[in-house]
Each structure stands twice: as C-alpha cells, then as structure tokens.
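Given below, in the form of structure tokens, are the structures.
Okay, so subunit A shows up in both of these, paired with subunit B first and subunit C after.
For the complex of A and B:
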C-alpha cells in the first residue's frame, strides 16, 4: 500500500500544486480572490479540444496558453482593476466570469462530456505499479514549473516586485513599483500555470462545462490549507492533500467514497488549530 | 479618471459583453429539440387541428436522452401518419408531437423545471398523452401533475421500481403510468448477476483457469447502492468472491481512476463489474486499455451504450462488455428494420430512450384503434390486455405489461420480451451481441463470440 500512496499521492499533489500555486500567488499579491481560476482551466481545455482537429495537440496547446494568458490580462485590466478597492466587487465579477465561461462552452460547444486522448501514450511500471505515462509527465512538468516559478519570483526584477507588492502594496507603490502591472503579471502567471495544468492533465481525462468549479474548489482548499497567499504553503499543502486523498482511497477502513471528505476534515482541523494555514503568516490587526 | 468612473466603465463593459453574446445566442439555431412547437410529420397538410392527437414528450431536451426520445417519437409519428394515422368512429386522426424540457439530466437537479414543463405541456401545449421521464427523482415529482390530469404516461427512461409499485399500491391514482423501457432496477440487477454467473463458467472453460474473483466498481450514488449490495450478497452464492468493491465519488478524475484500477489488479480480480451511468465510464474504459489490468470488464456503463463511445474513448472500449437494451439484432421482426430506419434518418444509432418512445407511440396508436377512444382512463383496460399472452411486437422486444404496468422481463420459447443484451465493443468499433448461455435471452440474437483482452486474465 505504501508504494501506491507514494506514487498516486505524488500525482495528485503535482496537480494540486499547479492549480493552487497561481491562485495563492494572485491572492498574495493583490488580495484578489479569483473565482474564475477554475474557469481558466475550463476555457483552456475547451480551446485545446476545439482546435486539436485543426492544428494537432502541440499547436493547440500553444494557442490555449496564449488565449488563457490574454483572458487573464483582460480580466485583470478590465474587470478586476476597476473594482479592486472593493473585495466583494472582485469576488462577484470573477464569479460572474466563471459562470459566463461555463455557459459559453455549453452554447458554443455542447453540454456533453468529451475525452482528450493523452499525448504521452502507454504506461510505465514504477515500484511494481503501472502508471500512465501522461501522469508521469504531469509530475515532471509540475515539479519543473514550480521550480521555474520559484526562481522567477526570487531572481527576476518583476518577481521581486511581486514579492514587494505582496508584502506591502502601498510601500511598493511609493518606491515606484507599478502595482497594477504587478497584479496583471501575477494573474497572467497564474493563468499560465493553469494552462500547463490543462496541458498535462486534461489529456487522458474528460472535460465538460462544469469542470471549472471542481478545479476552483481544489485550488481553494489547498490554498486555505497551505496558507492564503503563501507560495511554499501551497506547494507543501498540495502534496499533503494529495497523499491524504490517496491514503483515504487505499486505507481498508475508508475507501474512495471518503476521499472527498477526508481533505475537508484536514482543512477544518487546520483552521481550528492554525487559522492562518500551514505556512501562512498571522495577520496583525 | 476617478474610481467611481472606472467602476461604471467596468459595469458598462460587462453589460456590453453580455449583451453581445446574448445577441449571438439568439441568432444561433436553437440547440437540441425545438421546445413547445407542435410537429405533425407525415400528416396531410389540410388536417384540421381537432384531428391531431397531441403527444407530449417530457425529457431533458438538450441532452442525449431527451434528443433520443424526441427522435424516436418523431420517427414513429411520421410512420404512423404516412400509414394513414388511426381511425376512430370512422374518422381519420393523425399524430402530432410536442416537447418540453425538464432539464432533469443536469448535475444540480431542479425539480421545479420538470414540474413546470409538465404543467406547460398539458395546459398550454394541449398534450393528450405523455411519453418520457429519465431521472427517477425528477419523474417522481412531475408524474404527479400527469396523474392529477388523469393522463396516460408512458415511461421510457427511468428504471426505479417505485413507479410500478405505485400502480400496485394506489391503482386509482397511478394506473395511468405504463413503463415501456427499460426493465426495472431489480430485473436489471438480476440480469447482471445471471450474466456474471454465465461468464464465470464460460471463462473457466475457455481459459482453463479457476475464475472466482470479481471486483465491483460503481458510482457512489443512490441507484448503485442497492445493486452493489445485491452483487455482494449474491455473487458468493455462485461461488464467486468479491475481492474489491470500489464506490467512487462521481467527480473522480483521471488520477483517481488510476488508483482504482491498481487496487482492482492488486486484488487479483478476474472479472470487473462496473455499475456506472456518468462520465466516470470514459475514464474507467480508457485507463483499462492503457493500464491493462488482467481482468475482463462486464457490466453497466451507460455511456458505453452510445455509438459515439468508440470515438470518445479513441477505441479504448474494445473488449468492454456492456449491458444494453437493444442493438441491431433480431429481438423481434421489427428490431432490425426500425434500427436501420433510425440510422438512415438521423445518422446515429438509437439510444434506449429513442427505442422506448418509438414503441410507446405505436402502443398508443394500437390502443386508440382497439379502444376507439382518446380518453386515457378508457384506454387503460385496452393497454392492460397487452400481456404475456398477447404482447405488442415492438422495436425493443415483445412488450407485455404486468399487473403493475411494468414490462415482463425474459423470454418464452422463441418470444423475446423485454430483456437486456450483453454486448461487446469489438475491433473496428462494432458492437456485437454476446451469448448469455440462455440465462437471459436465447442465442438466436447472438451476433458474435466474446473476445478476451490479449493481455490475459489474472490467475
């Protein structure tokens, strides 16, 4: 059982890390609770699905990434920025955007389920366990992207600006950092990560108009668990949640029917004993 | 620009975008079935309105079940009208069909949509008889409106036993309900059990292995709970051990299914029985092909019944055995001609709702002709005469109503009543009817032998 929990928990954790990292980053920078985060996954998946017959997977994936980054930039400039002063305004407008994309794919596509074939076919055997090669690609891709994003935030000028704004937006503004640009960059980076989550995870999976909500919920859960706005917290939290879910699947007295309940229990316990999350900072009132 | 102006501009932008998209939606042709419009295909152009028998179709009209039910009813309507309609008291009457959308296949079920659709189809559209129903929870709610109106309701989608139990328990109120398709949940579970028992013997004979280990994988939904418990309880009586029983959340995705197949293979299952109606079937099937667990998959996978499944799964469904009400085989003399006609007309194979609504239209026409009335209450004894000794030869089988107004399941001699077939997706995307060893249906409908996956069966 240990081998299965390690391997499949790592797969779950890799997916959750990709989803939660961007969500946490945007919250950390601008205090923006982007409820269209899951919808970014949805629209990217559908753009890729619709364009595969025209261009093949590789070009479609690039088109999907460009499109979702464009959508994120538009969302930041046209919808979030004017309402940024009111948190509830941002929540409402991103919530509306998520509904819009759900209906959009339903009307311009259909309400049915569709399957995207894996671009890495076959399976490999690890520790005696058969694992789809596509899921191994997800793990490798996720780890690589997490490293790249961490380096980007720590080593580049714009990355340092992101950190500065997340620590104190007002002070950052006073020293000449364009906070609007930083927020837009964060949202585009977040969308890029979601786009890569689609590229690695949607193939071999089904898509349907409602899937965005599930991925939003996953990102939200991990971010609460890891600490709102904490990037290391999101990464560590993602893998802990991944292992907890898989352990639940395998533990004889539990089983898959509890796999959605156990992570929620973990979050509740975390909120009770450490409300700021695993690696979140306690706010000084 | 001050903050207030920016906020106003943002709101304006949202309104413009929403309005623009709205205009595009309005200009697009409507998706799914035309709602609230009466169609009288095949009827003479000058037929007076009072000579049109209006049949209402209630189903989720933007989804495959409703679209299928509409297509089946429409095709039957056209055929009946072209054949001259029905004659009552020396006057010719023709059929018309009209649809309302119950939205009952939505994940978040809103019962009021079904009840509103039922009210509208009766009070505004003027339906005299109703065909449809797919999701039991929804049908339970809106059938009450149909019963209030003392109107015949032909069930063509929901399998839950309760609808026909209602007829037995409260005949005066629920006598208007007649199930045409599918067989009820109890019979469905029993058929599945009998097939697994047959498969056990067949595999033992063909492989030379001792086949005793079965896994059950099902959606964690109410309708599968009883069936899961039934299999757990009865399979051991046939010498089979349930080595793994997975009830997964309906939102499970690819990573989750990889763990399920690993658990099944680790347990050494030789037969895996899915009990699945939703999208999980796609992942179960595609990962079966990718991970190649050493077992054969045979059971209920509703999406696997669709002719699009081969394409949807990129051929991964090869070797999967799925329970299906009908395929192109000679259940009755009408099955193959009706199947071919449907395929020619719509370019796709009929799903069970389509077959059921097609048969329901013909049963209604026959009852009206025999009873010489349009009154639902007066038609009930006429319909009750359609029994095992006097079945209606339909598309789905020979339909015979029991006292509960449910269909009789099984076969007697050469007469095949309402039975499910066990079919297998085989090379090239063809679906074949397999032998059930006579346990469920006779071998006269069998079109091919079972093909085992080349990666073998667990020892």
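For the complex of A and C:
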C-alpha cells in the first residue's frame, strides 16, 4: 500500500500543483475568485479532443493552449475588470462563464464521456507498480513548469509586478504598475498552467461536460489549504493533498467514495482553524 | 377597545396612502394580476411554473436578506433549502404529520442548520465565508449520496418520494401566494426595522459597528437564523410541490439559483427577488422549445445581465415606469 500511496500520491500532487498554482496567483493579485478555472480545463480538453482528428496531437495541443490563453485574456478584460469593485459580481460572472462553457461543450459536442488516447504510450514499472508512462510525463512536466513559473514570478519584471500587486494593489498602482495588465497576465498564466495540466493529464482519461467543477473544487481546496495567494503554499498543499487523497483511496476501511470528501473536509477544517492557510499571510484589516 | 380602533383606522389610513403611492399601486396591480392568472388562463402547467417561481422568490429573498443587508455572502444556501425539505418530507411521509406542521418543523430545522453553519463560519469574512458555506453544502451533498451504512438513515440517492400530491393545484397556488406575500413583507419589515439598520451598519463597516457598541456576533447570527428560516420555508414548500426530495437539493446549483435570481432583480432590494425569480422561470420556460440550445442561450444571457446590469433590472425599470406614472398622474 505504501508504494501505491507514494507513486499515485505524487502523480495526484503534480496535477493539483498545476491546477492550484494559477488559481492561487489570480486570487492573490486581484482578490478574484475565478470560478471558471475548472471550465478552462474543460474547454481546453474539448478543443484538443475536437482538433486531434484534424491535426494530430502536437498541433492540437498548441491550438488548445493558445485558445485557452485567449479566452483567459478576454475574460479578464471584458468580464472581470469592469466588475472588480463588486466581489460578488466577479464571482457571479465567472460562475456564469463556467456554466456557459459546460453548455457550450454539451451543445456543440455531446453529453457523453470521451477518451483521449495517451500521447506517451505504454506502461512502466516503478517500485513494483505498473503505471501509464503518461503519468510519469505529468510529474516531470509539472515539476518543470512549477520551476519555470517560480523563476518567472521572482526574476522577470512582470513577475515582480505581479508580486507587488498581490502585496498591495494600491501602492503598486501608485508607483506606476498597470494593475489591469498584471491581472490579465496572471489570469493568462493560470490558464496556461491549466492548459498544460490538460495536455499531461487528460490523455489517458475520460472527459465529459461536467468535469470542470471537480477540477475547480480541487484547485479551491488546495489553495485554501496552502494559503490563498501563496505560491509555495499551493505547491506544498498540492502534494500533501495528493498523498492524503491517495491514502484514503487505498486505506482498507475507507475507499474512493470517502476520498471524494477529502477536499471538502480540508476546506472546512482549514477555514475554521487557520483561515489564511498553511503558508498564507495574515489578512490585515 | 378605543385604542385598537384608532390603531386600525390609522393602519387603514396608512394603507390608503401607500396604495395610491407609486410603489403601492404597482405592488397591488402586480398582486391582483398574479392572483387572477389561474382563473383566467386555467392552465395547470403555467400555474405550476408560477408556483415554483413564487417559492424561489422566497428563497432568493432570504439570500438577499443575508447577503444584501447583513453582508454575509453565502454560497451554501442550498443547505437550508435541502435540510428543511428533508425534514418536511420525512415527517409527512413516515409520520403522517399535517403538511403545515411539517413545514414549520422544516423551517425550524433550517434555523438549526443556520446556527450549525453560522457559529463556526462567523470568523470568516468575504470570499472565505462564501467558501466555508459552500463546503458545508458539498459535505451534506456527499453524505446524502453515500451508500450504506449512511443511506439506511438518510435515504441515499433515492431520497424520499411519494409524498401526497396537493389535492387542488389552484388552491396550492393561492396558499403559496399567501406564503410569498407574508414572507416577503416580513423580510421587508425586518430590513426596515431597527434590526435591519444594525445589519446594514455591520455590512458597511464591521469594525466601526463593533466600536459603536453593536454586538456584531449576535446580530450576524440573527441574520443567519432569519435567512435560514425563510429559506427553510421555501425548501419545505418546494418539496411539498414536487412531492419528493433527493440529495440534489443540496447541490451548489440551488444556492446559485438564489444568487442569480437576487442579482437579476437587484441585490439589497428584497422585492427584486420576485422580479428575478419570475424572469428566471418564465425565461427558462420560453427557451425550453429550443431544447439543447436553451441552456446555452440562458448562460449567455446570464453573463450579459451580470455584466451590464449591476444594479439588477428591477429598480432601473421601476424608475423608468415611475417617470411615466408621474406624467400620467400630473395630467
């Protein structure tokens, strides 16, 4: 059982890190709770699924990434920015957007489950456990992306302005940082990470119009666990959550039915005992 | 005796003044139109839809009371809806209790749940509160969907069905109409009272309210309980109308229905929820013939309404009508 938990927990953690990193970044920058985060996953997965027969996987993956980044930029400019003063407005409009994508996929595709073939074929054996080679690619890709994003946030100019805005938006705009541009950049970045999560994880799995909500919930719980707006927090949180859910999956008394509950229980317990999360900063009133 | 008569007379005087004022006459005309609808059209189908719309108007207004006035944005309002529904359904189905008693019991069960959620979540603010309440509703949703041993007590994914059908749909219509009028005017009275002012103070500046000697914890809890009570009434009524209850009542979608309706009508207006709920239900009914495209169009409309009508649709439209009304009366 230990081997399974280690291996599948790492895989799960790598996926969660990709999902939660961008979500947390966007929350940190604008206080924006992007309920369309899971819908970004959904629409990328379907764009790739629809275009594979036309172009093959590589080109359609690029098409999917560009499309989701475009959608994110549009969402930020046309929907989130004008409503940013009213937090409930942002939440409603992103919820409506998520609902829109679910219906869009249902209308132009069908409500059935679909399977995307893995682009890394075959199985490998680690610690005596067979797993899809695709999942190993997920782990490697996720680690590489997390490093790249961390470098981007810490070293580049735009990355530094993202951090500045998330520390104090008002002061940042006073020293001449374009906060709208920063919000758009972080949203596009989060969409890019979600897009890569699709490329690594969706092949070899089933997709359906309703899957977006599940990924949104996962991103939520990891972000709350690690601390809203904290990048190290969401990475550490992702792996802890990954091991916790996998442990529940394989624990004899429990099972997958209970591991579905883990993210929600984590949200609740964490909110009650430490609302700022594992590595989050205290909110100053 | 004398005093009572005087009070009654002044009440009638006030009612008369209110009735000829713009808001009063619009309200009365709308209520008259609504109550004449079933006898004129004799359409059972549309009566059912209007009943649902009225029930959801109560539900949306209860969310508005908590979020719009007390500033406590809840994403878990479906908990109150579902909990009240389950209690009502269990009492009617297994114990054979009278429906009105079960409805009251359901509403009080919702109050109990509002305490259960309100007390731990009071420390949370803004989006954190929203997420905490959302998590509560998701936990209940998963618990009710779980297989044995949970399903033996909670009914599993089947829920409770086979409640007695309301004998006459038109009688049910007027009962629900009565519930809606009493609940909405009750909530309106609450937000116009001293309690409402206190809640608005907490919404606008909690630190300041605290410093002025308002016990914010107690008043926030009261807001949760009142909101839970009215949401519970809506949940019980909906279960009695649908004659069945299942775990889907706990899904976040119902919470979002309330939020959507309240925002369409206008947040912090209470009566806007009626407009929002009727627009929502009638629109979704007219879109039904388009089948698969209906929900897509609906989602698009929703994005547009939220994006371009921040104040909701009721107040701007009412102001426009009032202009014409004043011109008409001035003539």
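The criterion applied here is as follows: the second predicted complex is superposed on the first by the 281 of 285 C-alpha atoms of A that agree within 3 Å, B and C clash if a C-alpha of one lies under 4 Å from a C-alpha of the other, contacts with A are read in each partner's own complex, and residues count from 1 in each chain.
The rule is simple: contacts are C-beta pairs under 8 Å (C-beta built on N, C-alpha and C of every residue); 3 or more make two chains touch, one makes a residue touch a chain.
As the structure is a prediction and not an experimental result, all values here were calculated from the model.
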Partner chain in contact with A:172 - subunit B first, subunit C second, else both or neither: neither
First (subunit B), second (subunit C), both or neither touched by A:189: neither
Which of subunit B and subunit C A:206 touches, first, second, both or neither: first
Partner chain in contact with A:96 - subunit B first, subunit C second, else both or neither: both
Which of subunit B and subunit C A:220 touches, first, second, both or neither: second
First, second, both or neither for A:271, with subunit B first and subunit C second: second
Touched partner set for A:45, first subunit B, second subunit C, both or neither: neither
Which superposed partner A:79 touches (first subunit B, second subunit C, both, neither): both
Which of subunit B and subunit C A:107 touches, first, second, both or neither: both
On subunit A, the residue positions that both subunit B and subunit C contact, one per complex: 78-79, 82-83, 89, 93, 96, 100, 104, 107, 257, 260
Residue numbers on subunit C that touch subunit A, as the complex places them: 67, 73, 120-121, 123-128, 130-132, 134-136, 138-139, 142, 146-147, 207, 256, 259-260, 263, 267, 292-293, 295-296, 298-300, 302-303, 306-307, 310
Touching residues (chain side subunit A, partner subunit B) in the complex: 4, 8, 11-12, 15, 78-79, 81-83, 85, 89, 93, 96, 100, 104, 107, 110-115, 117-118, 121-123, 129-132, 134-135, 201, 204-206, 208, 210, 214, 246, 249-250, 255-257, 259-260
Complex contacts: residues of subunit B adjacent to subunit A: 3, 6-7, 9-10, 13-14, 18, 21, 25, 28, 31, 62-64, 107, 220, 246-249, 251-256, 258-263, 265-266, 279, 282-283, 286-287, 290-293, 303, 312-314
Touching residues on subunit A, where the partner in the complex is subunit C: 27, 31, 33, 78-79, 82-83, 86-89, 91-93, 95-97, 99-100, 102-104, 106-107, 217, 220, 224, 228, 257, 260-261, 264-265, 267-268, 271-272, 275, 283, 285
